[in-house]
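In C-alpha cells below, several structures.
Common to both upcoming complexes is subunit A, partnered first by subunit B, then by subunit C.
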Partner chain A sequence: MARNGWSRYPRRHFYLFVGPWVAGFLFLTAAPLLYAFAVSLTNFDGSSPRWRWIGFRNYVELFGDQAAQAALVRTIGYTAMVVPLSVAGSLGLAMLLNRRLKAVGFWRTVFFLPSIVPMVATAIMWKLILNRDSGIMNAVLGVAGIRPISWLVDPVAFYALVILTLWGLGGGMVIMLAALQGVPAELEEAARVDGASRWSVFRHVTLPMISPVVYFQVITGVITTLQIVIQPLLLAETSSISTVGQVPQSTRLYMVQVYQDFFLHNRFGYGSAMLWVFFLVILAFTLLVQRSSRLWVHYEVDSDADR
Partner chain B sequence: MDIGKTRPIAAARTATGRGTLRGPRRPRPGNGAAYVLLMALSVVFAGPFLWLLLAALKTREEWVAVPGSVLPDQVQWSNFTQALTDVNFAAYAMNSLFLSTTYAFLITLSSAAVGFGFARLRAPGKRAMFLVVLSTMMLPQVLTILPTYVMFSRLGLVNTYWPWVLWGLAASPYLVFLFRQFFAAIPRELEDAAIIDGCGWPRIFVRIFLPLSRPVLITAFLLSFTWSWGDYIAPALLLDVDHTTLSVAITSWYKDPHGNGIPTVQAAAATLYIMPVLLIFFFAQRHFVRSVVGSAVKG
Partner chain C sequence: MNGSEPISRRRLLTGAAAAAGGAAATSLLGACNAGSSGGSGGKVTLTVMFSAADLPKESIADFEAKNPGIKINLLEFDATRLNAMLASGNPPDITIGAAVGSANTNARGLATDLTPYLEKSRVLRKEDLQPVNNSFRWDGRRIGQGAYHGIVKDWSQDATLWYNTALFDQAKVPYLSDSQPTDYDELLAIAKRLTVRQGGRTKVFGLGVEWAWTLYGPIATMILQQGAQLYNGDLTEVDLTTAAARRAFGWFVDFGRSGVGPTSLNPLPDGSDQSTFSAERMAITQDGYFFGGNFVKDKALSGRVRMAPAPIMGDKRVSPCYSGQGAWIPVKAKHKDEAWKFMEYYMAGPPAETRAKSGWGLPSLKSLLPKLPQDLPYQKQAYSVAQRELQYLAPLPDSPYITVDGWNVTLDKHLQRAIKNQQSVDAACASVTTEINRLLKQGKERIG
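And now, the complex of A and B:
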C-alpha cells in the first residue's frame, strides 16, 4: 500500500475525522452507562458525600420490588399495544395515500405534521382535548350520549397515553409510503393478471416486499416505546420532574418509576440499578425481535450492501 | 446487529429514485370512500391544532363554562400578551434559540465530518466502529440522561450550556448515517483530481465535499434544531429557572395567584412555542420527509 511512504488513506486522517464521534461515544454514552453501574453499587442519594459501596444489594432489592415489577409489566403491555397499532396504522394510512388521489401532498402533510410537534406542545394539546369538563372529546362523546370520562386520571389515563402516542404515527407513515412506492408495479400487476385477489396480492407480494421496512419500524418502535417517560410526565395534572410522584398509577411506566426513585426518593444508587436492569431488558427485547425477523422479513440479495 | 449487513431493497430503491413520494400509478375505483375516510382522519390529526388555537382565543371563564361552546364568543388576543408577560417569554425564547442554534450548528458539522470519514476514508477498525454507530442509534438519550445529569452536576456543568456544546461536538449517529449515505454516493474522480494536486483530506472535505452536501447540511441543521427546541428532559434536569428553555417554561409556569394553571394562557404560549417548528416544517418539508425516509434505509 504505502509505496514510497505515500498512502492514499493515511490512517490518522480517518481517526481525525471520526474522532468527534469516538470521543462522544466514550465520554457521553459509555461513561454515563459505566458510571451508572458504579453508582448502582452504592447507596448514593444524589447530594450527601456520605455514601458507601453496598455491592449488589440494590439489585437484590429490585427483584423483590413489586412496584417496579408492576411498572415493567405495565410498560411491556403498553408497548405490546402501541407498537402493533402504530405500525398497522401507519401502514394503513400509507396504503390509503398510495393511490390516485387529489391533493396527496396535502393529506400527507396533515398526517405527518403531528409527528414533528414537540412533545411538550403535544401534551398540552391533548390535555386541552381530554379535559373532563372543557375538552372537546367529552363534548363529542356527550352528543352520542356517553357520560363525561375523566381521561387524565386512573384508570383511563393509560388510554389517553395510547391516543397521544398514536397521534404521532405520521413519521412512520411517510416511511411506509416510501416503501410502498418502491414495490415494482409490475409485480403486483402480474399477480393480478394471474387472478390473485387484492388481499392476496397485498399478503403475498406487497407485504413481503416492504417487510424490511416494517421490521425497522417494529424494532425502533419497541425500543423507543419501552423507554417512554416524558409523555406520562407531561400528561399528568402537574407536569414537571419534581412532581413525578403525581403521575397516575396507570401511566406509571418503568422509566417513570426510575425518575421517582431518583428525584422523589433521592435513591440514585437504586435508580441506577433499575436503569441497568432495564438496559438489559431492552437488549433482550431487541434480540427477540431480531430473531423473529428471520421468520417474516424478506430480503432480496443486494450485492452492493457493503460499499 | 444484522441491519448493517443486509439492506431493505424496497426502501433503497425509493431513496435513490427521487420524488417518488408523489407517484400514484393507476386509477382505481372507489376513491369516493377514500376521500370520506381521509376527511374523517384529518379531523383527528388536525383537530388538536385547531382546539389549541381556539382555547388560546377564549377567556378563562368561557373555557371552564359548562356547557362550553366550540368557538370563542369574542376573540381574546389578551391571552397572547399575557403569555408573553406572565413568564419572561422573550428571555426563555432567547435561551431556546441560542441553545438550539449552537447545538444544531455544531452537531451538523461534526456529523458531516464523521460521516465523511466513514464514507471516504479507510483505516483498521472502521467496520466495527460503524456497527457501533448503528447500534447507538438504537439507544435513545432517555437511558443515559440520568447518569449524565449526575456526572455533569459533579463536574459543575449544571446551569451552563456546555452540555449542549459537548453533545453538539460529539456528532449524532443518526446524522452521521445521513451524511455517510450522501458522501458515499459521490464519484471518486472528484477527489482523485484534488489528491493529484496535492490536496490533503481535510481540505478535500472542506473545499469539495461540504459545498456539495448543502441540501444535507440544511436537513441536518433543521432537524437537530427542532430536536433541541422540543427537548424537555435535558433542560429540565440541567438548567435552573434563569437558564432554562421555553419547553420547560410553558409546561407548568402559567399560574394564577392561587397556584392553579391557566389553560387558555398556556394554550397561547404553546401556540407561539410551536410556531418556529411549523414554519421550519412548511418551508423545508421535503428535507424532513427525506430525512425520515433515509432513517429507514439502514445501510
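And now, the complex of A and C:
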C-alpha cells in the first residue's frame, strides 16, 4: 500500500496513546449504550430472569406517552431558562469581581462557596428555607404582610428548582473570571482610546475574546441541565425511591420520569428506551449549539476547517 | 498487526464496534447468568444486605462468634444495588424487604421458599410466627397462603394513633378512647379543633397521616373496613369507583382541603411527622405502635403521649400493618443454609429480643410479645392498646402485578388534583382506576 507523508514515530505509539481512551470509551460508554439499547428491546424489570424480547414496542409506547412528552418539553423549557441565567449570572458576578475592590478575594470566596457545598446539603437548606409553615422565607415575607407561599409545590416549585440550580453558579463565575483575566488589557484600552463606550468595549472586545469560554459554559450547561435529576428529587417530600412519585408536576423533568419508570415501576426496558431517545435529543441539541458557535465564537487561532 | 502498517480508520472503527458489541453482549449475558461469591480458607462469607442501623457491629460479632465457619460481609441496603445484584445473578445471601408488597418479588421468582427451613428449624417455628408473616406467604397466585418467602423482623399496627394530651387539653378536646376506634369523620372534626393557625401559617397541625410514607395503606384499610374489595378475584384489576373507595378517597380530599395536616401540597421539610410531633406542633399522628420508641428518652414528652386504636370507616374493625419489614433469601443466593442460620439468629436470637425490649415495633414471634417495654406509663398504656388491636389485624390486599410505590404515586397525583378542585372525587377515582389497571396490565405482561 502506498504511504503518503512521513512518519516520525512507529505506528504502535499511536495505539499506545489512544489505547486507554479507546478502552475507556468502549467499555464505559459504547458498551453501556449498546447494552441499554438491547435492554430497551425487552420487558426486563431490572432483576427477574423472566424477561423477553419485545422488539420496538417500548419505543412505540414512548411516542404515545403524554407524561414523558410533557416532561421532555418541561425539561427543554427549564434548560432554556437556566442555562442563559447561569451563564449570564456567572459572567455578571465575574465582571463584578474582576475589578479592584477591597477584600476582593473574600468576596470571590463568598460567591464561590455555595458551588462547593454538596448538593444534598444545599437542597436540605433550601427545603428548610422554603417550607411553607416553618421556613424563613415566608417568615420574612410575613413581616411585609405577604401571605405564606407554598414554595415546594406546583406551580411555584419550578422556580424553587431554578433558585436551587442557580445557587451554585459560583463555579461558573470562577471559569468566567479566569477568562476575563486572560483578555489583554491593551485591547480594551485601545478601544476606549478610540472612543468606545463601556458597553461597546464589552460587546466588541471582551465578549468575543471570552466567547470560547462562554461557548464551553453553554454547551456543558445545556448537556448537564437537560440531564438534571437529583435536584428535583431532593426538593421533593422525602428521600427514598418513592420520593420520585412525590416530585411536583412542574419539576417533573425528563430524567425524573426516567427514574420513576426504572426504579418505581421496575420498567428497565421502557426506561432504557426513554434514555436512548433522550440521548438522541441531547445529541441534537449539542450539534445545534456547536453549529451555532460558528456565528458567535471567536477563536484567536484558525481551526483546521478554516485553513 | 504490523506496527508500521498505516492506520485504517475503517479498521479502527470496525474493531472498536466489535469490542463494544462484545462487551455489551457480555453484560447482557451476565445479567442472565449466575455470578460467584463465596469464602476462603474454609470460611463461608455470607453477604448480608441490611440497613447498618438494623445490624449493629455487636450483633455481627456475636453471630460470627457463635458460628465460627461464617463471616459476615455487610452491605448497606441500597435498592438500586440490590436490583443490579439480582439482575447479574449474584445477589446477596440475605436481604431486607417488606412483607406487604412482597407478592411482586415472589411472583417474579426472586425469593427462596423458606418453608422447608421453617419445618426443620427448632428456633423459628411456624406456630410461633405472628399472623403478620402471612403477608410473606405466596402460593403462586396470592398472598396469605402457601410457602413462606420471608420472615418479618418487626412490625406495627400502622393505622393506630399517637396523640399529645397537652395539645388536647389546650384545645379542650377529650382524649381518644383506649379501646374504641374513632370514626374517620369524627377524627377529622377533632383534628380541625386541634389545629392552630397564625398569620396564614399552621402553628399546630391537628393530624398527621404520614402522607409521604403511604397512601395505599390507609385507603386500602378504609375500603376493607367498609366490607368492600379493592381487587378482582385474580388481582389483575381494581375498581375505585365503588362507593367504599370513593368514600375513602374523599376523606383524604377533605383532609387535604381542611389543611389540618401535612400533605404533598404542604409537605414537611423532612417528609415525616416525627420531628413535628416531637416539637409539639402536631396533636395526633397516625404512626403505629413503633412510633412509641421515639419517646423513651424524651422524658417531658413521654408524659404527654398516648396511643389510640386504629380509626374506623364503616363497621368492620381492621388494624393492619402497612409494611412489616423483614428478611428474605434470594433464589440465587450462594449460601442459603448459612443465610437461614443468620435468619434464625436475627429473627429469634438476641437481636430479636433486644428489638422487642426497645419498643421499636412489635416482634414477629408470639413468644417475644411479653418482652415489649412496660416500664413507663405511656409504654404500659400503648402495650395494652396494642394487645387489644392484635385481634383486628388483617392483611392488606397485595397484587403481584404492581408495587405499593406504584399505587402511592398514582393516588397522590389524583388526590392533589382533587384537593385543588381540578377534578371531582368521582373523576379522580375513575382516573386512578384506569391508571392502576394500566400498571397492573403492564405488570401482568412482565410477570406472565
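Heads up, the rule we're going with is that the second predicted complex is superposed on the first by the 275 of 307 C-alpha atoms of A that agree within 3 Å, B and C clash if a C-alpha of one lies under 4 Å from a C-alpha of the other, contacts with A are read in each partner's own complex, and residues count from 1 in each chain.
Methods note: a residue touches a chain if its C-beta (ideal position, glycine included) is under 8 Å from a C-beta of that chain, and two chains touch if they have at least 3 such contacts.
Quantities reported herein were computed from a predicted structural model and do not represent experimental measurements.
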item	value
Superposed partners subunit B and subunit C on subunit A - clash or fit	clash
Touching partner for A:157 - first (subunit B), second (subunit C), both, neither	neither
Which superposed partner A:62 touches (first subunit B, second subunit C, both, neither)	neither
Subunit B versus subunit C as contact partner of A:35, first or second or both or neither	both
Subunit B versus subunit C, judged by how many residues of subunit A each one touches	B
Which of subunit B and subunit C A:94 touches, first, second, both or neither	neither
Partner chain in contact with A:128 - subunit B first, subunit C second, else both or neither	both
Touched partner set for A:299, first subunit B, second subunit C, both or neither	first
Which of subunit B and subunit C A:116 touches, first, second, both or neither	first
Touched partner set for A:43, first subunit B, second subunit C, both or neither	second
Partner chain in contact with A:182 - subunit B first, subunit C second, else both or neither	first
Segment of subunit B that clashes with subunit C, given the candidates 7-15, 25-33, 43-51 or 151-159	151-159
Doubly contacted residues of subunit A, that is, touched by subunit B and again by subunit C	10-11, 14, 22, 25, 27, 31-33, 35, 39, 46, 124, 127-128, 131, 133-134, 238-239, 241
Touching residues (chain side subunit C, partner subunit A) in the complex	3-7, 16-17, 19-21, 23-25, 27-28, 31-32, 79-80, 82-83, 86-87, 89, 108-110, 199-203, 211-213, 264-272, 281, 403, 405-406, 408-409, 412-413, 416, 439, 442, 445-448
Complex contacts: residues of subunit A adjacent to subunit C	1, 3, 7, 10-12, 14, 22, 25-27, 30-35, 38-39, 43-51, 124, 127-128, 131-135, 138, 142, 147-148, 150, 152-154, 236-239, 241-246, 248, 260, 263-267
Residues of subunit A touching subunit B in the complex	8-11, 13-18, 20-25, 27-29, 31-33, 35-36, 39, 46, 93, 96, 98-101, 104-105, 107-114, 116-129, 131, 133-134, 136, 139, 167, 170-171, 174-175, 177-179, 181-183, 185, 209-210, 212-213, 215-217, 219-220, 223-224, 227, 229-230, 234, 238-241, 255, 258-259, 262, 268, 271-272, 275, 278-279, 282, 286, 290, 293, 299-300, 302, 305-307
Contacting residues of subunit B [partner subunit A, same complex]	1-3, 5-15, 17, 20-28, 31, 34-35, 37-38, 41-42, 44-49, 51-52, 55, 63-68, 70, 110, 113-114, 116-118, 121-124, 126, 129, 132-133, 136, 138-140, 142-144, 146-148, 150-151, 166-167, 169-171, 173, 176, 184, 195, 200-202, 205, 226, 229-233, 236-237, 247, 250-252, 263, 266-267, 270, 273-274, 277-278, 281, 285, 288-289, 292-293, 295-296, 298-299
